[in-house]
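What follows is a set of structures for review.
Presented sequentially are two complexes of chain A, the first with chain B as partner and the second with chain C.
After this line comes the complex of A and B, so read on.
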């Protein structure tokens, strides 16, 4: 089946049907009143959102050109010095590298695993509710708590992982999982993937169950095997879910913070810092709010550019049932 | 297309008014009053807050006991102890406090220069400082005193090595009298097939526990110039002058420290010591660490010593206003702006540095601050190892030194230096690279501060 031949349903065009005399007048009166009422209800939330989110976000841009320490009532304008400091800092680029590894890596791995799990759940005939719950359970635990549990499990001297390895006669396999600079980022990737799959799986499962059965049956009748059916029918039909899941996973990856804070606090040294953690560390822990703001602006641009670019690419291959 | 049915005008107006009222209430609830002053609603007493950092169970109980005793005695003031929540670093917590506009009257203060520069602190009056031993506090660059010690921990006497006394006796080992003795001790323990030392770097700040004693002999040389970092800012010394202690730090870490230190939390070193996984452990909690050990295993025979220098002196940083010390108590500028709040703050601090308060602290297992009347204080020597601690205070080899950077960006630099040292200890960077990176950061921060 050629996905490109399927097109989205057309929206009817042409002039709207003529209104009864007096109807338009009544609507002109009713519509603005209803709008005002709606606005009155929306206004509190809108005002709070503007004050608490939008305004501080805009202020971040302004602060990124200052040397504010986050506490003092005054600061000096420093031009683009913060941006120069960031872009010439090995520490920042290490954080970028880690963010790419953890953000893109977790997005790809979580999507792959979630898709496989969703395909398995989709084939289940019995106890589907139970298995769905089991798959979704890790998503119910906050990243902070999950990371804390992993921290205990992976402790070099007391953790159950190393204790088990030692008791099994494999002491040489015991590692300082969260303190070995050579592996710590990959350990973080593993833990992040472990906790992020629940929602992704459910979105895939919902999309899999909405693939028209007649298309699948037609492909099977035409002699396509399971792999061909998946690749030529199912995969194009769930392209929208792939776009959504990849976008959400990438955004979650760019702003990874909780796990890093709990598990490694960016260490040992600076080795496992991510961009979000870098912003927190310099902006709050080191009293460099100006520098942290500049890093936040850079992160914002990275998220926007990467999200728009990946969306544009993935949307090209979407089709409408 | 259909629109929702409309309600009569009166009802619509009533609903709109209700919506506006609710939103106004919500906004009012969100807004801060911006005032730090308040008086007790239930009487003439002035209510003030004492914000303290949690984390040490002994300190928590000391604060609770002192506040209760003070409130019972004072006819003018009621103090409420407010713990800084755990789970975030100090700077983040204080920024949250600052953002709300509600500074407590008395604060457990660190990173003091930053807050002095920001005008958040008030000078401690002489009626309080006159109660404290002159060696136990220091003036800031402007000549005022902004923090006063909450314990004899101030002055970094609490940064020391906790050790297993029974092991020492069993293997005929003794507390080192010189730095050379310390190295021999490490070698001897390793030769016995045991791990000499446990240390921690899961949090960044415990990285000082091993570093400070090694660097102290060099830092102490610049005491009369306001400390090493001020001399560095003046161009008289450089980070490369710390090469020898950095090399020692690397060698000791590689050869004698228990594996897994990079991900070990400070409090876990107690368990490592008690479990026998290491014979000694670094600490910055002083007597508090001995208390912790006693709680974990009452039979454990713990002792304390400080790593001496090559000549046998024990250089210890005195309480200063820089960000690398253990901290101190401060009066907020917001409290100063309110006469009653300020008077109550001073009253509480005067109580804090009185003999009855010191006796209460000691009874709870805390080392009371070095007050002028310390001879009248009943010290608690019932905790195993406490005698070692008190002996340190009287040790003739104890040399107090100052290291109080005057540039306000020192906290930022110090955090960077700590993390860089951890990276070097971990083998991620060479000593030369570390020195170069730290010097570059120092130059930038010193110039900015």
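After this line comes the complex of A and C, so read on.
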């Protein structure tokens, strides 16, 4: 017993002297073991991440140079044939156009809606928490469920939209909202933007509330109207939130899928396909996994380039402000 | 530039006077009315679906604008009796709960490892994880289906869980790493000197300090997983009952004359989201705000 109590303090007393003459020496001795321990901490997440994200992404690049159909065990290398097929296909460019309209369009519109709602919430001095919660509630309904309900609301014969129009004496306005190739993309855009923003609104609101009241008051005392105060004080102060929200909305916009599959399945014909839907349809529905992979690579490049470019642009704007 | 300088000067002072002192203004009441109307408009499709979940198919199609005549739960009972909805609910629950639990088991630890390993290794692994934020699911789905087919995991809940784990890791690492930067290393070192192993130091000392991030992370992921449609659509074929959303999507195809069941299924799918939100909304809004102001 005595032996153990005397040796126990000796370990810590043995360590401190090393601290004074050579801390680096002690660190070098302990560092490798600590690093291995930390690597072991990272390993489970890293292995899953590599297997589920990085490796399949690289395989997509490899498959994009083949004519694999998605089922058969063998396939041939076809070089860049898939890429030339895609880039010369009107169907793919139509999907790109729709992705731009729906993805970028909804990113801008939803950000505008969110900002306006956040500005309104910021005006409240009473019951703000309550209204913040209530405004958030619609965002709890998933895009899929919302789209499914809309599909029935817009049904030509029994949907409430057409039946309401007929009741209001406007039967000529009733139409096949999701089957009319002239308007279907705009109907999709409307449904995607039928929101109060949810997370986007919360982020704007948090930023608006961190704008110092003193700045706003100083501007008002100097005689600036509320519009001027917004553009010269509030807007520059929330530039960071605009960058974050626009970037998030664009990343989500590039991969719009649920609404298209539920409401139109890309139709009529291929009119309302987005890039994400094109990849899914070609890869799994039409047994052209090689072509789908090439489209996926193109999508990846578009996402990377647009995210980096828009971030660089908006960050620059932030500094100027 | 001058704006940020002023901000730094005034920040320590409290931004708003106590709420109680503020007077009600007419503008405020107008804003409240406008917000209420907006919420009603945006929620109107869901309200319509809720009302129609109490009506029969004949009632819905004969008079689309009618109101329910009686509040019976026939459709709710029929949904569970005639379709695989119960199994779909269970599947969704299994996927959501196991993915969230596994994420909380591995992601905070990984972020801690990344922050504490130091040097170039730290940066390389961090950037590797963050790159995943820009890899859409569509980019990796075709080889994943191929791989899961080869190992016999295709159309199992395991495949969906694994795909989600990989997809959520990037966001989790981003969230936890940015929070861990603010936690001093001294406390851990003290615990370490006291003889606690690294694993115990992490779970007993560091993990509790991460609670605010963990609650935000759990809620964001739980809602996202519950509401997800694309991943289970791709990885669960007809041999599985699917998740709620996949099951509803199949009903849309098969039960073309059963609108009332689809409305009912949609309403039932929303309830857990609202429950998750109601239970954790304090942490949720705080988490969103913290992340936002930093961003």
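Quick note on the criterion: the second predicted complex is superposed on the first by the 278 of 321 C-alpha atoms of A that agree within 3 Å, B and C clash if a C-alpha of one lies under 4 Å from a C-alpha of the other, contacts with A are read in each partner's own complex, and residues count from 1 in each chain.
One rule holds in what follows: a contact is a pair of C-beta atoms (placed from the backbone, for glycine too) under 8 Å apart; a residue touches a chain by one contact, two chains touch by 3 or more.
Note that the structure is a prediction, hence the values are computed from the model and not measured.
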Regarding the shared-chain residue A:44, is it in contact with chain B (first), chain C (second), both, or neither? both
On chain A, which partner's contacts cover more residues, chain B's or chain C's? C
After superposition on the shared chain, which partner residues are touched by A:314: those of chain B (first), chain C (second), both, or neither? neither
On the A-aligned overlay, A:70 touches which partner chain: chain B = first, chain C = second, or both, or neither? both
Would you sort A:180 into first (chain B), second (chain C), both or neither based on which partner it touches? first
Applying the touch criterion given at the start, work out whether A:158 contacts chain B, chain C, both or neither, answering first, second, both or neither. both
Between chain B (first) and chain C (second), which, if any, makes contact with A:236: first, second, both or neither? second
Report for A:104: first if it touches chain B alone, second if chain C alone, otherwise both or neither. neither
Is A:285 in contact with chain B, with chain C, with both, or with neither (first, second, both, neither)? first
Identify the partner contact of A:267: answer first if only chain B is touched, second if only chain C is, both if each is, neither if none is. first
Shared chain A footprint, chain B vs chain C, residue numbers 34, 37, 40-41, 44, 48, 70, 157-158, 280, 284
Looking at the complex, which residues from chain C come into contact with chain A? 1, 3, 6-7, 10-11, 13, 15-16, 19, 22, 24-25, 27-28, 31-32, 34-36, 38-39, 42-43, 45-46, 48-49, 60-61, 64-65, 105-107, 109-110, 112-114, 116-118, 121, 125, 128-129, 132-147, 162-163, 165-167, 169-170, 172-173, 193, 198, 202, 223, 226-230, 233-234, 245, 248-249, 252, 259, 262-263, 266, 269-270, 273-274, 277, 281, 285, 288-289, 291-293, 295
Help me check something: in the complex, which residues belonging to chain A touch chain B? 27, 30-31, 33-34, 36-37, 40-41, 43-44, 47-48, 67, 69-73, 85, 154-158, 176-181, 264-271, 280, 282, 284-288
Show me the residue ranges of chain A that touch chain C in the complex, using the header's touch definition. 12, 34-35, 37-42, 44-46, 48-49, 51-57, 59-60, 63, 70, 117, 120-121, 123-127, 131-138, 140-146, 148-153, 157-160, 163-164, 167, 194-196, 199, 202-203, 205-207, 209-210, 212-215, 233, 236-237, 240-241, 243-244, 251, 254-255, 257-258, 261-262, 275-276, 279-280, 283-284, 289, 292-293, 296-297, 299-300, 303-304, 307, 319, 321
Which stretch or stretches of chain B touch chain A in the complex? 3-4, 6, 12, 15-16, 19-20, 22-23, 26-27, 30, 89, 91-92, 94-95, 98, 111, 114-115, 117-120, 201-204, 258-264, 268, 271-272, 277, 408-409, 411-412, 415-416, 419-420, 422-424, 426-429, 444, 448
